[in-house]
Every structure is written in C-alpha cells, then in structure tokens.
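Chain lettering (A, B and C) follows the sequence in which the chains are written, and residue indices restart at 1 in each chain.
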C-alpha cells in the first residue's frame, strides 16, 4: 500500500471517518428515539385529544411537514443561539431532526390507529377497559403493523438527514469524508466509500423493517 | 372452389397448465349468421371466444378467419407466429364485447368509440365522430356521448362497449356473457340492442346464459360440455328436441323460462 | 430571550431577492420532476419488463438512491463529475441533474405501482379493437396510469420543492441560500427564517391546491 492509493488513504483517514460514522449513528439514534417517544405522544393527542389540543398538534404536524429539513436545522441553530441558549451544533441538529421526525411519526401513528376498525375500540370499551388499557392492549398491538413501514421510512430519512448537520459544521460522516478529500484529493473514491457506508446502514435498516413487518403479518384487516 | 366460411374452427385445443380446457372444438360461422355458445360455467365457452380473438393462443387445431389462420402463418406445415402488428390487424377484423364492459375509464363515451376508429383505422377526427355519434344513437345513447364511464349505469356502459365494437365494422362480433355482470333490471336494454344488431344482418358469435334470447335470435346453437361440442343444431332442435343427456339436464335448469314447467 | 425587537424592514429591502430565490426553487423542482418522470417511466418499464438484465440494474439504482443522502449525491456530481472531465455543467445544472436522478428513483416506484394497478381488462379491450402494443401503452395504459398516480406525483413535487433547499450547499441562490446570506449580513435571524419558512409553507400549500384542482379535473377514474 503506497501513499496515493485508495486503500492507503482510506486507512490513513480511518480515525476521522469512524468518528464521523459514530456521530452520524449517534445523532440518528438520538433523533429517532426522541421522535418515536414524542411522536407517539403527539399521535395520541392528534387522534384522541380535545379539539383545541388536536388543532395545535395538527398545526405543528403540518408546519413541520411543510418545511424543508435544512431550513428547520438552520433556524434552530441560529435561533437557539439568538436566545442565548448555547448548545453545540450537534444538539441543535438533533433537536431539529427530532422535531421534524416527531411530526411524521405522529401523523403515521394517527393513520395507523384510525385504520383499526372502530368496532375494536367499542369492544374494548364494552369489556370495561380504561382508555390507557384500550390503547395499549387492543389498539396499538393492531396498529403496529401499519406503523412499521412508515416508521422505518422516517428512520431512513433521519439517517440521510444527518448529512445536513454538516452544513452547520457538525463533523458527521459526510463532512469527515470531505475533510479527508481535502487532504488527499481522492474525491470520487471517498464519495463512493461514504455512499457505500450510508447504503450499508440504510439497507440494513430497511431489511430490518421488512423482517419486523413479516413478524406482524398475521395482523390483517 | 367454395367461398370459405367467415369463421372456421377445427379441432381447437387449449391447455392451461395441467388442465385441458378445450378438447377439440369444431365450429363454423357463415356470413350473416348468429351463432350462440351455451354450456355450464367451466365448459370452455369463454376460452374459445378469447382464442378466436387471440387474447389466448390455442395450442392445437386451427381457427380460420376468412380462410386465414388466426395467429400464425403456414410455411409448409410449420406454424410461424405472426408479428404483434399482424395480430393487431387480425383483431381489428373482429369486434369483442366483454362481460365487464372494459370501457376506457379516462375517455368519454364517444371518445371510447372513436379511439379505435382514429388510431387503428386511421380515420379523420370528424369522420370518426360522425360514425361514433351514429352508433351511440343506434344503442340509444346519443345524449350520453360526453359522459365518462363512471357516470353511466352498467347497462349504458355495456351499450357503449357494443357501439365501440360495432363501429369498427368488424367481420364478426364476439359477445362474452355481456349481461352476466349487469343488475337484472338492466339486462333487457342490452339484449334489445343486440337483437337489433342481429336483425340488421351483422354476424355474431355469442356466449350467453340468456336462454330465451339465445333461442330467439340464433341461427345455430352449440352446446359445449367439458371442452367439447356435445350437441349443435338450430335452436328449435336444441331447445325443442335435445338429444344429449347433459344438454337435457343443463336446459332443465332453465325450464321455467320456456313456459313448459 | 424576551427583548428581541422585530425589524421587518430587512425583509422589505430584500423582497425582490427573496422572490427570485423562491421562483428559482420552484423552477428547479418542476424541471427535476419532469426529467425524473421520464427517467422513472423508463425505469418502471424496465422493472416490469420481466428481463433480468433490464430490471436488476434498475432495482440497484432505485435502492442505491433511496439509501443515499441527497446531499451526498449533490456533492458527488458537483465535485466528482469534473474529475471525469465532465465540466460543462454549471452548479445549477449539476443540481438539477442530482435532483432528477433522485426523483427518477422515487418516480420509478410510483410508476411501477401504477402500472401494476391497471386492470388487465383495459389492455384486453385495447387489444380487441386491434391496437398495437405501443398504441395500447400510449392511448390506454399511460393515460390511466397518469390519473391513478397523479396524487403521488403531486406529493413528490412538494418533496422535491423542499429538497431544492439543499442547493444552498453548492451556492445555488435559491430561497435557503438567500435567506442564509441575508441572515449573515443582517443578523435578523427571526425575521429572515420566519419569512423563509412562511414562503416554503405557502408554496407547498399552493402546489397542493393546484394539484387538488388537477385531480378533480382528471377524476374520471373511480
């Protein structure tokens, strides 16, 4: 392996690439967890809340889904600083990504829950279950199959969306690769390497989703 | 040498996977005749009709349209499959009306009729429009020319489909159980149109479960049973003096219809 | 955080610039969608062709694009193509190429589903009146598929419009780039980003309205 060959340069850059990959994975994971928890909560509000609460949630969801993710990230980044909230770019990005994905999870949750036949809720009421129990024991187990494909899609979008953090200076995978290119000028090779890493992550994620979906395929209505 | 029959089928065979659906069908349709195929479902009537129009390809025997083999040419004794263009040209000589109407959903009634006239026969727009208008009038739908299929009842859709087929002036019109998908109260309007066409001398080959209609309009009736012609003859013979046991029991189901209960 | 004083004059002063930027974004989205539709249609036919050597590369293309960040694709074409001595594209054209390739993969899936959903009876009816294979596609299959997939095409247009914000990364002067520039020059953070957000939202809403009208116009398929 001589200097100037792809393998050599990739080996040279391994530290920064791996750390970039770590940042990508971490920011994705944090955003996805945040979006799943908050999204389901907001989905409950969106489906079962009082009308004014529903309206607020609807407004949030529609605004988030109508804005480009990059605008959201930039707005959060500059906006938080403006109000003296001094968070690193990484956290500004995670908050923006999470807030964005929350809206998508909430909307998918609503769609999935409403696809469960109304008779199920009535039957659960009829045997005297409380609202929380109706939801966790009757509705959600049935809705989960409908929720999974869009949830995996959202997760995929998040992983891809973390590249936008490079624009506010977070050294995630894409930016770390670009920094390596600035040293070795192996533009094609390093972009392809980076793309391969993203494809590996996302393809695995998509396969995982497909497996989970099959696992729940006994739920049909 | 005799003028060849308009349609001549000899020993037509067709197999789907393991199942032999047609086991050698012979049938002749002369110019101006109305020939009906009757039989229980699964007897191969529809498959046979679809073979004539090359929506299915028969794998044995021959089907001759005006003396030309349908779907292939003969070089010596070897069959050579026709090109898609030639097959399309053969289909254009036949008209077909389907059980499910199959109107083009994105076109109005008159555009449905005009599509074949302009794109297949290459007629000009105004000529095609006149022809389409004429035939929509003949099926009693002149006022509905601008309606889309979803705006028409099943009976009206089927009448448009008939206009679409007959406007092409086919040598032979094929009808595949065209009233089976209709609500009972809409059957009569479609049969009425078909009767009118039969009386005007258009050659027709139809598959139908409407026994009264078959008896009244046909020159020749063919009873198919398990992929074979079990009995054939003029309607008076088939309905008045059936010989085949399976035909007798088949007709028995319709007995009340003929007022001889 | 309370004592932020809004000064909207910065928006008024830059309104022309912002308007041009918005129109550029819309234009980029529409052009990319059109090219993407052509790519997607060819790709969809290749996918349903039943020929492995045609469908396998298209499958790889679609999966690759779906798993790759758009920003990476944009950088790759913008910085990578000149390495292959392909340098006749300026940054806007390079971006359109990226977004079109991206859209093509998504449209391929839309059209593939559309083609699969067309009842075969329509094709049989077209055969029965003697249409040739290409005529059946042009006069029956494609018009029906277009109507079936119109809502999905519309959603893709809105997505692509939002994606044009990534052109900012290679300094194409669309809305996000322009907003960021004004932000950097004036530090009127709230005014600038609220305006940009409002413009994006209003445009997306407007596109949705137009599409709703179009769908009604073509609502002949139930």
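In this section, contacts are C-beta pairs under 8 Å (C-beta built on N, C-alpha and C of every residue); 3 or more make two chains touch, one makes a residue touch a chain.
What you see is a predicted model; the values in this text were computed from it and never measured.
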Outermost chain relative to subunit A, judged by CA means, is B
Per contact tally, chains sharing the most pairs are A-C
Subunit A to subunit C, mean C-alpha position gap in Å, rounds to 21
Averaging C-alpha coordinates per chain, one finds the centres of subunit B and subunit C separated by a number of Å equal to 47
For the pair subunit A and subunit B, the C-alpha centroid-to-centroid distance in angstrom is 57
Counting only contacts in the complex, subunit C reaches subunit A at residues 1, 4, 63-64, 66-72, 75-76, 79-80, 83-84, 162-166, 168-169, 176, 179-180, 183, 189-190, 193, 196-197, 200-201, 204-205
Listed in rising order, subunit B residues that touch subunit C in their complex are 53-55, 84-85, 88-96, 98, 100, 102-107, 115-116, 119-120, 148-150, 161, 164-165, 168
Subunit A contacts subunit C in the complex at 63, 66-71, 74-75, 78-79, 82-85, 156, 159-164, 166-167, 174, 178, 181, 187-188, 191-192, 194-195, 198-199, 201-203, 206
So, in the complex, the side of subunit C touching subunit B is made of residues 121-122, 124-133, 135, 139-140, 143-144, 147, 218, 220-222
